[in-house]
Amino acid sequence: MGVSLQDINRTVSGEIHLADVNLEFESGSRNVILGRTLAGKTSLLRIMAGLDRPTKGRILIDGRDVTGVSVRKRSVAMVYQLFINYPSLTVYQNIASPLKTSGIPKSEIDRKVRDIAGMLRIDDLLDRLPAELSGGQQQRTAIARAMVKNAELLLMDEPLVNLDYKLREELRVELQDIFSRRQAIVVYTTTEPTEALLLGGNITVLDEGRILQSGTTQAVYRNPATVKVAEVFSDPPINFLGGRIQKRTAVFGQDIRVPLEGDMRNLPDGDYTFGIRSNHFFLSKNGPTDAQIQAQVELAEINGSETFIHFHHAGDRLVAQEDGIHPYRIGSAVTLYVSPGCLFVFDPEDNLVAAPSVDRIHAKAV
Amino acid sequence: MARIELNEIAHSYHPNPADESDYALKRIQYVWEDGGAYALLGPSGCGKTTLLNIISGLLIPTRGKVLYDGIDVTGLPPEKRNIAQVFQFPVLYDTMSVFNNLAFPLRNRGVESGEVDRRVREVADILDLTPYLNKRAEGLAADAKQKISLGRGLVRSDVAAILFDEPLTVIDPHLKWNLRRKLKDIHEQLKLTFIYVTHDQVEALTFADKVVVMYEGEIVQIGSPQDLFDNPEHTFVGYFIGSPGMNFLDCTLEGNVARCNGARIPLDDGVAAKGRNAQGKIELGIRPIHLQVSSVAVDGGVPANVKMVEDQGSYRLVNLTLDGKTLRARVPESEPIPEDQAWLVFPLEWTRLFADGRLIK
Amino acid sequence: MKIQKRTIALCVYFGVLILPIYWMLNMSLRTNADILGYFALYPKDPTFANYIKIFTDPTWYTAYINAMIYVGMNTVMSLAFALPAAYAFSRYKFIGDGQMFFWLLTNRMAPPAVFLLPYLQLYSTINLMDTHMAVALAHCLFNVPLAIWILEGFMSGIPKEIDETAFIDGYSFPRFFITIFIPLIRAGVGVTAFFCFMFSWVELLFARTLTITEAKPIVATMTRTISATGLDWGLLAAAGVLTIVPGGLVIWFVRNHLAKGFALGRV
Amino acid sequence: MEKWPNNKAWFLVLPAFIIVAFSGIIPLMTVVNYSIQDIFGPGEAVFVGTEWFKEMLGNHRLHDALWRQFMFSGLVLLIEIPLGILIALAMPKRGWGVSASLVILALPLVIPWNVIGTIWIIFTRPDIGLFGVGINSLDLLEVPFDHTAKPIYAWITLLAMEVWHWTPLVALLAYAGLRAIPEAYFQAAKIDGASAWATFLYIQLPKMRGVLTIAVLLRWMDSFLIYAEPFALTGGGPGNTTTFLSIYLVKLATMQFDLGPAAAFSLIYFLIVLLFSFAFYQALLNVGRGEKA
């Protein structure tokens, strides 16, 4: 089975929610739609589910036009941000509800419900009402209900966003495992780059209703086509510094000079924007050509297992990342290093012209 | 400004608590030093909000005493304790202007109007609220509203401590950073005692100099963020701090070696000696970031199988199986990952032993 | 101390609230001669004669039953018509929705006296005069809009993602509405039923005008008895007491939803 | 919450529309019909245009009734709203007292409106009523109390009855509004050292704005439409001093059979009510908007 979106547009009272969206989803594929809040992710899912109709464009399933087909007649399942369950039904009845409308024998329903409940580890909660469950358990119930009927299209709209981070971490890993056992096309929206990376598969980066880039998740992460994609697909935010290339040397910030390596040596002189991911600012010198930046810590943000060091340089707000948890006082001085192999280079039109090659990053360690 | 002392505090919501399990808080003993930035961190239901309400005076504990600068205030209501509190969602006087909102606590205490004006402007300046002073509070964005709530605490020159109850819950993610920074700045500037309740490790670890981790009504560890990460004193802290959390393996000790099923993991002599004397269930713990993965057999390496690799961009999470147990290792972007067979090295200085959940030390 | 003062004030108020009702109860337990004979704070010689008369005289007790019938009919009708309409207002945007909603509410605010004459004519024309249906139908004028208003408030509190989930799960609309949605707003339906009951039960003008004998309710019987029997205070009081009983019972059943109900689901 | 645009929703509204239209629009048409004709008997009518409207608009008895009506509704609001708020504030917040208070409060609301009249006749009569006998035994009044004796007595009795009957509704609404205020507001007020009065003024009153608007709207409308209670209690007397709009209209229509003028009057009456409903409805919508912003 395959789903194809052709020229999808959606405008609601003059506001453009989606513009010229063309996408193909293959059977059994895992797809992430990444974008900030209001980028049009939910609109896209709702159109795919058949809950909303596109203003313009068609949706084909296996080559058949289903644009106007009612949601009841489609083989879809959806999980929302909010924990949506039928409050008056028990967990068991909730999970069984999509099967009851399809006329499957009772014993078969029972088997399927217990199966999926086991997979999501809510098999001991089947007699409870949703209101008696924790947020995590409620969302597990909603996911179980979406999974139980083996829909061909499984849509998940930021399903983990309202959970505590520990629960989010656990469910993410479990979901990945569960998805891999399914034949359905999974479409999963998120605002979080780390979540997108973890789920892998294909990614579509959406911004203001338009597709900025699609491809395999790793390829897009390594080669963001534009400044905007790099921005959306980085957490903490990727650092941008305006500058120029002069005689095979990148010059940016307060006179930071980095001699270019490899293919980048072929770039013509001129103005460029340089992008450096936060984890590519190093606290120690790795190579003889590394450039050095002196900075004052503005805030050290501690995110689980990393420390994000926020600092200012030449009027830009930058972030560096250090593994582990380390105390930094506001205002203390740090020295950071930039390696030539870790630069993203964008032309004045904000399009990517060179990216660090994975080989080069790996080679550095040896 | 005050030093807050919790003396043998316990609290139960049952009228006649029978046993341990009826208590939402079990015997808390702690001193909050004047001018500290504290965070109370724990999952929902761990008792952190109960503890906060006992400090603020909204709840009277079943047992124990609360002392402010040595004076017993256990029975005093919040208004007599000189504390300020910022709630989960912004609590404002909708019909008043921002200025009047900020002035409200001072006017209620009969401060003369010149002084009120001076204090309000000072605080508005610190919080970047000056342009809004004459606007009605109702129409402002959530982050500005939350700053007003904080401002109502800051205007009072006599305030002993400011308590925060998950104050960033309703703030847009991209604005949280600004507010966190602001809080940190204000603390540096004013040196007030801040107590910050949250279930979010990022907020707690970023904000606080000292983090109090709570679990099932008990304080399981108090320490600096780095302490909690490097030296968790309880398996819960190991699990809760860091993403992903610590790896734990059930094991038995044989001399200086921990046996986990078939695998033999060498330990530090001192740790192993103490471990042999400990009672209860023994677990070995190591953080994914400290677990080293090698593609060739190395001295002291434990063979394991690579099951799955999750590429996180700046690093990879490698899921390995070691005699049926799953372990996770965090490998930097620049390091290679073995295809199938791997050898795990447990660095002695980062390998911890826990007995019944508590660190053996 | 402050709390005590408040409580005392509240108790005094409740005393005042109960007093007139108590006085009627007092009267109902005395005979007319007794009432007119001397003044007493409580019945010195309580008698159930008035109640016995009401329960044995068919003009009284059928009037009581009549009222029950049309109130019940009206409550069921109001709910049946209001539920789908309220759903439409809470979920959909459609041409003229705002105007429709306002128009419906204006009917709640129309003076019943305005409609009195045309009703006489209308119901005579369609041969509904003096039937339970006539009163039940007439009361729909204010009860259906009210029910829509209250139910819409309750329904808007239910996230519409629930509806969508049900449609994705393959439920047809009627099946979803009956098996999933209505149970979700149970409290709202209860409160709405209470209000419909209440307004239909207390209404006098339509009930009196549209009935002659067959469907005449107790409220109308009472107004006519004042002139007919030359003011039998005891009997009147007993009838009055009996009209309070059903309302009291209904309040008791919905007491837990009362506070929210009176805010019409809009708090 | 964003609503789904779908004109098929009309099918769900249609049954309700039909039944209300049957009771609301058809009779209204009849009224309009009457109002522009002079009816002598069945099938004998002459078109008279706006004559009845002119006549009614110039009718001093209508003016008097309208004036009385405004006076009465205004007084009712002035007494019931503050009193209702006070009661709501005094009510318990938890425990068995909540249910008990709610049940007692709701009791007057389920009593048929003419029985309310009966109750108050029995209660205030100078011969058998507790209030009547009680007040006269104090011997304070020049003319002994009897609600039919002096217009002022009739008014006091009517107002007392109205306040007795409907203040509970205001109190219940206000109570529901109060209970919806999150506890954190009161905690913050305590911490800020606010007095009870300041808490009321800056937290409780603003947060009750929505329900209080509903209360004002309902009380204004219903007191404007009042019929059964004064009809049972005073029948519009003594003289015409308690003849409100509804009572006058019913008198006009059923006792004098002046169908044309009565119909014209009905429409004027309806328009007045509509005008106010609309104003209140707009106010209500604005309140809702204000809370969301």
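Order of writing sets the chain letters: A, B, C and D. Residues in each chain are counted from 1.
Just so it is clear, a contact is a pair of C-beta atoms (placed from the backbone, for glycine too) under 8 Å apart; a residue touches a chain by one contact, two chains touch by 3 or more.
Here the structure is a predicted model, which means the values were calculated and not measured.
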{"item": "Intersection of the contact lists for chain A and chain C", "value": "none"}
{"item": "Inter-chain pair with the most contacting C-beta pairs", "value": "C-D"}
{"item": "Geometric centre distance via CA averages, chain D-chain A, whole Å", "value": "58"}
{"item": "Euclidean distance of C-alpha centroids - chain B vs chain C, Å", "value": "56"}
{"item": "Chain centre separation in whole Å, for chain D relative to chain C (CA means)", "value": "16"}
{"item": "Residue numbers of chain A (touch at least two other chains)", "value": "none"}
{"item": "Touching two or more other chains - residue numbers and ranges from chain C", "value": "159"}
{"item": "Topology of the chain contact graph, where touching chains are joined (line, ring, star, complete, other)", "value": "ring"}
{"item": "Interchain contacts (touch definition) - all pairs", "value": "A-B, A-C, B-D, C-D"}
{"item": "Sites on chain D touched by chain C in the complex", "value": "1, 3-10, 12-13, 15-17, 19-20, 22-24, 26-31, 34, 87, 89-92, 98-99, 101-115, 118-120, 122-123, 127-131, 133, 164, 168-169, 172-173, 175-177, 179-180, 196, 210-211, 214, 221, 224-225, 227-228, 232, 245-246, 249-250, 253-254, 259, 262-263, 266-267, 269-270, 273-274, 277-278, 281"}
{"item": "Interfacial residue positions of chain A with respect to chain B in the complex", "value": "37, 134, 164-166, 169, 176, 191, 193-194, 197-198, 200, 218, 221, 234, 277-279, 298-305, 310, 321, 323-327, 330, 361-362, 364-365"}
{"item": "Residues on chain D engaged by chain B in the complex (per definition of touch)", "value": "182, 184-185, 187-188, 190-195, 198, 202-203, 206-207, 290, 293"}
{"item": "Chain B residues within the chain A interface of the complex", "value": "43-44, 172-173, 177, 180-181, 184-185, 188, 199-202, 205-206, 224-226, 228-230, 239-245, 287-289, 310-315, 330, 332-336"}
{"item": "Chain A partner contacts - residues on chain C that touch it in the complex", "value": "159, 161-162, 164-172, 175, 180, 183-184, 186"}
